[in-house]
Every structure is written in structure tokens, then in C-alpha cells.
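What follows is chain A paired twice: with chain B in the first complex and chain C in the second.
Let's turn to the complex of A and B:
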């Protein structure tokens, strides 16, 4: 990511010396056509198109019948959307904190020059190779009240044991959270571990000479030094949270009722199932807005003061 | 570590003899083992469930190993499980996924490597601007671009077809792959490029004769990244294909979460494992390269 900000490397390609600048470097321009089309037509064009049409009352087909902010007013007065936002907030905050804490703790433990480091790392990271669909279906099975974890503990003799998050509207989002953290925390551990390995050995020597304990050294000295790594992790987790969709579809399909709906699912339901395009466009524009709100402070922290290349 | 705090001088006298069972070590290994259980349990449960018969599952011990191991659930998941009216199992989804995967991976890597090469060695006016837009585009939620792409695919008559999905994967893989290749080509010594220019090689000559053969390591990383990413995709598959061309993930979800009929948990788990097998095999074979791939692909989120 940092590479995008590097001042353009001092390797101006050999100019052909032809008079017309438009035809200079023609092959490169020709070869870049797919990139230019993707960037301008799909990314910029598609996004602007969606934003513009979110102000229309399009139903089954997109129409240019502009109705101002009607779709947004309806969006924010729809209970399903409010539930989605609330779920995303709970999932988001919990997932951010837990993933960071688990990721950093595991990375710190693996950093203690232990044996079998590769084995442990392989174990913590393998869920990341699996799709959200596989993750969701697996945890749906483990959390199944009749056959899963709850039943096993009851069979051990604890008759009143209750652990059935997926069937209770109040706790369903935490059931999804368990699966989400299982899938994603290995990646953050890996990034944190790379960050820890980048820290100078001398820091540890100095801390030891000063008689600072291991845990305290991690929390007071190493953690503040890892700021860039932590910010990158935060952006990664946050952009993953907003995209949360497949996991919910596989694990609960939004249920029970609408208790585990999320914004990404709301958008797709309205666009492709309920045939209410305008609502879908408005909801997706709100998603875009939230990404911008997250990214601007980050971009400011990362690139603030420096000129972009 | 407690003794270090109490007596820092002892530390300075040279390497301490290693104690295998210090309190710190017990804490570290204990925690790691406990956490490993949380990570490994689902895989274990999937495997044992998929080898049990339904009567054994109804007994209710998900953690118990299968008493009478049977391959029947795997056979059924592969060849007989039903989605709607089709009852030919996951095999169709598997072949669709392969048909989607191979052209998507090839096309996206080919285009991205040429892009990266142009950006690194043949900058032209505006090339950096397009690249910046491309990278910012990677952060836009897919939802804002889903419908415009439906319209575009309809226009070129590819909506619902495998090639339409291939194009979508190529487009959305482009930011990260272009970044990967651009950074790699920028790190190749400039002299090599200049020497080739002096010898009269042009844009494509240098690309095919020098840059492409040299970029083998990064191509491997890109392949790992794209194969796992595209295989695991659900969102694009469910939107841009139709039931005949559904990729494996979509078909899996339809099989497991179908409302009709008795739930066959063993078949479901076998199907889930079958779908997860491809990325898992890649993960265990590629090892460190996978970590490099996801560290780069992490941008994609």
C-alpha cells in the first residue's frame, strides 16, 4: 500500500523523441487500456451512476425520475435497515477490538522464540484460506442447538447449559462474530508478527537492562512503535467489516426474522430480490459514505503532509 | 521472566541455561495450545461429521470420532445432493468453478502484469493518475458497482455466462495485482531495461523476453492470491451467473441452506469440506508464499 505513495521513481522511460506527444509511448498507452477502462468506466463511472440513480424512484428497472432524498428518508425509516446498521455497529466494534487483541497477543506469543512456531502459525492462519460460506456453514453446524456444542455439554451432565446464539435474535450477531473472528484473526496475527519482527533487537536489550518486564515492554514500548502496522490492520479489518455479507448468508441468512441482517445484504436484497433498485442504490451509497468516513482520517494519517506520487 | 525483573545483573553474565518448564513457557505454550483448539475444532468437527451416518449424528456427540466410518456422505455430496430441481451434486459447481477459475486467473494476471510493466517502465502522462484511481477503487464497496456492471454485462451479452464472471473477476482483481506487479517491476534494476532499449527492443519485446520471465516469483504469489480469492467468491457468483453456471460456493450454500427435505448434516459437512478443499490444499502446499500472497492481497480486504 505504501508503494502508491512513493514519489514516482526516477526512471523516466527513454523517450522516443517523436514530435507528437500523443503518439509517444503508444504501446504503453494501448496496453493500459484495460486499466483505464476499469478505473474510469467501472470504478468511477459505476459509482457515480449508482449515486445519481439513488435519487430516483427506480423499481424493477433504472429510471431517471428524480425524487430527491425520498429513498434516503425511506431507508432511514425502515426497521430492517436500522437493524442492519445496529448489527454492523456491534459486529464492527467487537470484531475490531477482539481481532486486534487476539492478533497482537498471538503474534507476541509466537514472537517469544518458541518451538513449533510454523505449526502454530499454520493452525492460526488456515481459516483465512476458507471462504466465508464454508466458515459460516461450519459454525452453523457447531452452534446447532440439537447436535452441536450445547448438546455435547448437556450430555456431559450439565443439563441446563445453554449456548444457542444463532436462534436468539438478541445474540445472533455474536454467533456470527465467533465465526468471523475465527476466519479473520490469523491474517492480523501474521501482519502483527511481521511488524514485531521488524522491531530492533536493541529495544529489547535496553528494556531488559532497565529491568522492564516482558508484558510491560510489549504494552508500553513495542505497541506504540507498531502504530503503522496497527493502522494498516485497522483499515483491513474495517474494510472487511463493511463487506460482511457471505458469512451472514451462509450462517443465518439474516434470521431469525431480520435479527442478523447487515447493510451489504440489505442492498443486494433490494436490488436483486425485492426489485426496488432505488432503495438498493440509496443503501449502497450510504455504505460508500461510511467507507469514505473511515478512509479519510486514515489517508490523512498516512499521507498527511506528504505529496502523493 | 520474573527472575529477569528481580535480578537484571544475572542476565548480563551471558546466556542463561534454558529452562524447558519455566512459568513463562508454560503460560505461552498453554495459551497457544488452548487457542489452537479453537482454530482446529471446526475442521475436526467437519471431518468427523462427514464420515458419520445420520443415525450416529442423531446420537448427538459432534466431537466423537465416527464409530462406523462411511464414505456415503461424500459420494452423495459430490454426485447426488439436490439444489432445486437439479440433483447432480456439487460436481457441477466444481466444474463451473474450474471453468471460471482458469480463464479468470490467466486473464487477470496477464492484464495486470502488462499494466504493472507499463506503469513501472513506460510511464506516460496520466498513467499515475489512472493507477491512483484504480487503487482507490479497491476500497469502494462492491455494492455501489454491482448494478452498473449488470447493465454493462447485458450490453455485451455476457450476463449470466461464465465469461461475464471472468470479466468481473479480472476487473476486481486488477487493483491489487497491478500494484503487486508494478512494485515488482520497479524493483528490477533499471540498467537491464536500458540495455534492452539500446539493443533496440520495444515495449512488447522487453515484456516477453525480459520482464515476464523475470517475474515468475511474483506470478506465483499472484496465482495463489487469485485462485483462493476467486474460488472463495460468493457475491459475484450469485449475482452474475445463473443456476446452470453457479460456482461451487453458491451451489454449496444452496445445498446446505435449502429449506425442503430432511437435513442431512453429514452430507452438508462433506460438501462444505469438498468446497474448502481447493484453497486448503493450496494453503498447505504453498506455505510461506501464501502468507506473502495474502499480505499483498490484504488490500483487497
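Let's turn to the complex of A and C:
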């Protein structure tokens, strides 16, 4: 009996009985089903599928011929993978720190109520409107010794000037870093600027009354108050670092040699060019793992800490 | 009115296949440069003339770009009528998965076994005794292209083999010419290395390593000599700051570089630039040391479809590709060698004639594509990219090369 009454109550929230909480906002829940299914099937399902098949020796087609950790052993003994990881680490750390520092400095400078603020803001934000492919090609030309910066400075008369980062295996990743920062710091500046504008005027007045210098006020008072803004910036920068791919493809295509390879490029190359899905899956699983290793302690600190406080 | 027109169209389209022979076949390929497109046009013309309809599905970019698109279309259930692939192991798994059409009956009826030369071409189309592709041309890697003008400027005679090339290199450098042009891409460096193996270590050592996957030979003294020569070549090419192969070829055409080790597709560039073989440029098959050519090239594969009409059209295209007229028309435009020895190519230029003669004399070997999986090739390309751009010693490179061969399937 109850089985027949319950659905009817839900369809028609009777004046006497309380509506079942499961059926509250039914239309909203119904509308979100496609997204829930997408998230579960595409993201979670796809992730699990990839991890499972990374333990097989799939070549062109996925096959369930399990080989244990063979793909991972091969991955970690491959020189190109090690170079990729090293490059990502250098790029990641430098880009994280420099983008934040440059973004905040620019925001703080603009925040000093300068003239032509809008113009400067547009100029600094504009690179973000360009795709990584355009950014990469542009900087490939700027850093080209025959046409770019080096040539210009030499034409000014400084004949011995040498700046050729992209053709030297030791420095190529910094050449890519320059382009990455140029592209990304404008956005961070804007977010920081919004954060700075959100700080109460009274804080500044109080700091001035106490006789605290401007720089010190920024570093000691304003910066700690901008924690949520900084967290947002960090997440944006970090996701940009992990997916670093098109910038490298456009700027150096991994060269010279394999000196500027990155993990995402390894995954794509081994899945499609080398027709070795297992190897590509193993590499992408390692990328996921490294994200999780960084993310879990952070999430624990961020969300676990709030409960305690 | 409108509905009626649609209904008529539907009725006609339903009636057409029964009434006539013409079937549309979409053909995908990555022949997009000038000479290549002209060659494809010959093929399309011949197919249209036979009563069917060629729908061109050119994919821009090299094989590396096109191949994943082609394969994912076949896997994703949206097969084209026919597609170009390099003959070799690229389609092996597609055949095993039963996705490609078995052409054995056509091949037996027309006696492909007797006409296709070298036979290895048909062998790489064969899996478990069944034939799955129609080879269309032969491209070989084993060439060095030399600029006569560059050697004239340096005041040395044009070399006739690798040793003379090495000896002449310092003179070229003195004259401000880059001795060896080399694009900074793994496949070019790997290809050049493969050519040096055949020229210096000989074809037997090459076969032991690439066909039998014998890592001991790869560690041995013959390969050591090749790696020594490669270190020299790296030195010769250190001032060559180009990426693409045709940019490197252009350095030879303009006399900025002495030579380039590149496959016979480079010849198209010389032709476009209006240069004459033997006068403006010189070609040495097998680097002049070991006149032997590999038999890489292109072949057509036909994905399996349910429609029997399409299957028939696919088989008609397959036999057309092998036919004499198409072989001559296509290969003259493409600059590649035909897959059968019984056709007349007297209008071909000096370098092509050299190639034909070697082919007729049986100076052939199977290509890397036919023996190594794309996986192994990618690993070797990565190693070569690192070797050519850095200062890796010959010993290190050799031992890592041997490790890859040891793991190869």
C-alpha cells in the first residue's frame, strides 16, 4: 500500500502529509541529471577506464591483456619522460611564483590610482585573449636570434649581445616560461586588482594613522586579507601548468632534441603517433597522480582547517 | 511541390545503385604538396573514367597528422571508401580486428604475386596468407642530394661517396657553406641515421638489427662505426638551423649547404626549383657506398563496409591502382618508383633512372616501416632527436639504441 501512496504524494504535495525530501525541487534535480551522468560517466568513468587499461599492453586498440606494472616500469626508465617531468617541475615552480609576484606587483601599482589605469589594464590583460598557439609562435619569433630581440639589440650597436634561449637545450624551458608568464600574469593581475579594490578604505586609513608604510601595509595587512583571491589565482595557475602542451608545440615542438618536452605531449605522442595506448595511459595516470598528490594535502589544509577554526 | 521533389530524389537514389555501376568512394590521403596533388589527380581521373566516382578526402599535414584521423574514423564506425597508409605495420591491428577488406580474390585473379616487384611490397600487405592492401608506389630513403654549385664555390670536386663527402666538409666550412643540411626533427634525423647504417655497416647488419631485432649486433663494432660517423655528421650539420625537410632541401638548392640525406621525395623540390639532375644537383643512392634502396612507400587500404556495391567498387579501385597505365601516370607525377617492373618509364629523369636500375638489379631491402612497430620507431626517433641536438657520445647513443632494439617486438 505504502508503495503506491508515496509516489502519489510526491507528485501532488498533499495538504496533509510532509513532502518527501528526496522529491523536493524535483524539476531542478531532474534538470541536473544529464550533468550528473556526464560527470560520472565521462570524467569518473573515463578516468577509471584509463587507469585500468594502463595495466594492459594495448597498442593501437584497447585490449584487456594485463601486464602488471610493465608500462610504468618502462615509463620511468624512459629518458624523455624524465626530461618531461623535470621541465614541468621547473616551469611549474617558476611560473607559480613569478606569475603571482608579477600579477600582484602590477595590481598593486595600478591600485595606486594612477592615470590611464584602464589603458594599462587593457595592455596587461590583452595577452590572455590570445591562444597559446599564437603566444608560442609570437615568442618563437621574438626569441629567434636572426629576426628577434637579439638582432634588434645588435642593430642598436651592442654587437656581442646574445640572447638565444630557444636553441640551447639547457635554457629552452625558460624561453617557454617567458611566454607563459607573459600570457598568464595579466589575468592574475586583474583578479588581484579586484581583490585589492574589495579591501575596505578604513583599513588603509587605520594603517596610515598607525604610521605603517605603504609597502609594509600591502605585504603584512592587505595580502593576508586577500587569501580567497590568492587561492583562486593559485588554482588557475596550477591548472594552466599541468595542461601545458600547446605552448610547447607552437614554440619549440619539444626541441631542440627532446629538451623542452612536457608530460602532456608525451601522452599524446605515445597514444596516437606511436600507437601505444598502454604507454600513453600509464603516463596520463602518472599526471593524474601528481595532481592528486598536490591537491589532497592542500584540500585537507583548506577544508579540514576551516572546520577546526 | 518541395515534398514531391524530395520524394523523387529519394526514389531516384534508391533506384540508381541497381540501375548503374557508378559508386561513390571517398578516398582519404595526405598527398597535398604540388607534385603529390597532381599525382592524386591522375588517380582520380582514371577512377572516374572507369565509371565510378572519386570523392577526394585529402587531409592536410603529414602522415603523422592524418594517420590518427584515418584510424579513428575506421575505429569509430565512419569508414571511408579507401585510404592511403604507408605499407608496413601501421594497419596490422586494424586487420587483426577485422576492419579491413580482404583483397585476396582480386589479387589472385590478376596475379599480383607475379607482377608486384619487389615481392616484399605484397608481403607487407599480407597477413596470414591474405592480402589486405594495394601498393601504389615505392619511396626510398637511401639518397644524398648534393649541390654542385656549393662544391664549385669551395673548389672541390663533387663527392661520389660518404668518405669523400667527409673529407670535403672542412673545405666547405672554410667557404662558409654548411656541409650537411639537416632539419631538426626526429624522423629526419632517424631516417638519415638509417641511411648511414646501410651505407657504412652494410645491409646484413641492418637486417640483423631491424628484422631479427638482434641487440648484440646493435652493440657490435659495425654499428659503432655508424655512430662515429653520425657524430661527424652532427658536427657537419651544427649550423643548419632549419626545422622542416623542405627547408633543408632548399639550403642545398640555393647552395647554402653541401648536401642533405633525404628520401627521393626531395627530388620534387629540385624539380619545382627548375634544377636539372646531374647539372645543378647530384644524387648518390646509398650515399655512393652501398647502392641499395629500401622499399617503403604508400599503399591503399579498404575498410570493410556492409554495402556490397561499395565493396565491389573498392575492389575495382584496387585493381585500377595496380594497372600499368595508372602506375605510369601516377609515379611520373609523384617522382616515386612504380611497384611493377614491366612498365615503361623512359621519360623519367637521371636520378629516377638510377633508382629504377638499382630496383631492376635487385638492390633492395625492406623498409623500417615494414619491420619496426610505430612504438619502437617513436622511441628511436626520440633518441635520435636527443643525440643530434646535444653532445651525447657515440658510445652512449649506441648502448641506448641497442636497449630499444632489445625491447622491440
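In this text, the second predicted complex is superposed on the first by the 269 of 309 C-alpha atoms of A that agree within 3 Å, B and C clash if a C-alpha of one lies under 4 Å from a C-alpha of the other, contacts with A are read in each partner's own complex, and residues count from 1 in each chain.
We take it that a residue touches a chain if its C-beta (ideal position, glycine included) is under 8 Å from a C-beta of that chain, and two chains touch if they have at least 3 such contacts.
Note that the structure is predicted; figures quoted are calculated from it, not measured.
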{"item": "Partner chain(s) touched by A:160 [first = chain B, second = chain C, both, neither]", "value": "neither"}
{"item": "First (chain B), second (chain C), both or neither touched by A:31", "value": "first"}
{"item": "More chain A residues in contact [chain B versus chain C]", "value": "B"}
{"item": "Partner chain in contact with A:274 - chain B first, chain C second, else both or neither", "value": "second"}
{"item": "Touching partner for A:142 - first (chain B), second (chain C), both, neither", "value": "first"}
{"item": "First (chain B), second (chain C), both or neither touched by A:80", "value": "second"}
{"item": "Touching both chain B and chain C, residues of chain A", "value": "146, 253, 272"}
{"item": "Partner chain B, residues of chain A touching it in the complex", "value": "1, 3-4, 8-9, 11-14, 21, 24-25, 27-29, 31-32, 34-36, 38-47, 49-51, 53, 62, 102, 105-106, 109-110, 112, 114, 120, 122-135, 137-142, 144, 146-149, 151-152, 155, 182, 186-187, 190-191, 194, 208-209, 211-214, 232, 236, 239-240, 242-243, 245-246, 249-250, 253, 264, 267-268, 271-272, 277, 280-281, 283-285, 287-288, 291, 295, 308-309"}
{"item": "Chain A to chain C touching residues, read off their complex", "value": "59-61, 74, 78-80, 146, 167, 169, 253-259, 269-270, 272-276, 279"}
{"item": "Residues on chain C engaged by chain A in the complex (per definition of touch)", "value": "64, 67-68, 71, 75, 90, 93-94, 97, 184-185, 241, 243, 373-375, 377-379, 382-383, 385-390, 400, 407"}
{"item": "Sites on chain B touched by chain A in the complex", "value": "1-2, 4-5, 8, 11-12, 24-25, 28-29, 31-32, 35-36, 38-43, 45-46, 49, 57-58, 60-63, 111, 114-115, 117-125, 127-128, 130-137, 139-149, 151-152, 170-171, 174, 178-179, 182-183, 186, 190, 193-194, 197, 202-204, 228, 231-235, 239, 249, 252-253, 256-257, 265, 268-269, 272, 275-276, 279-280, 282-284, 287, 290-291, 294-295, 298-299, 301"}
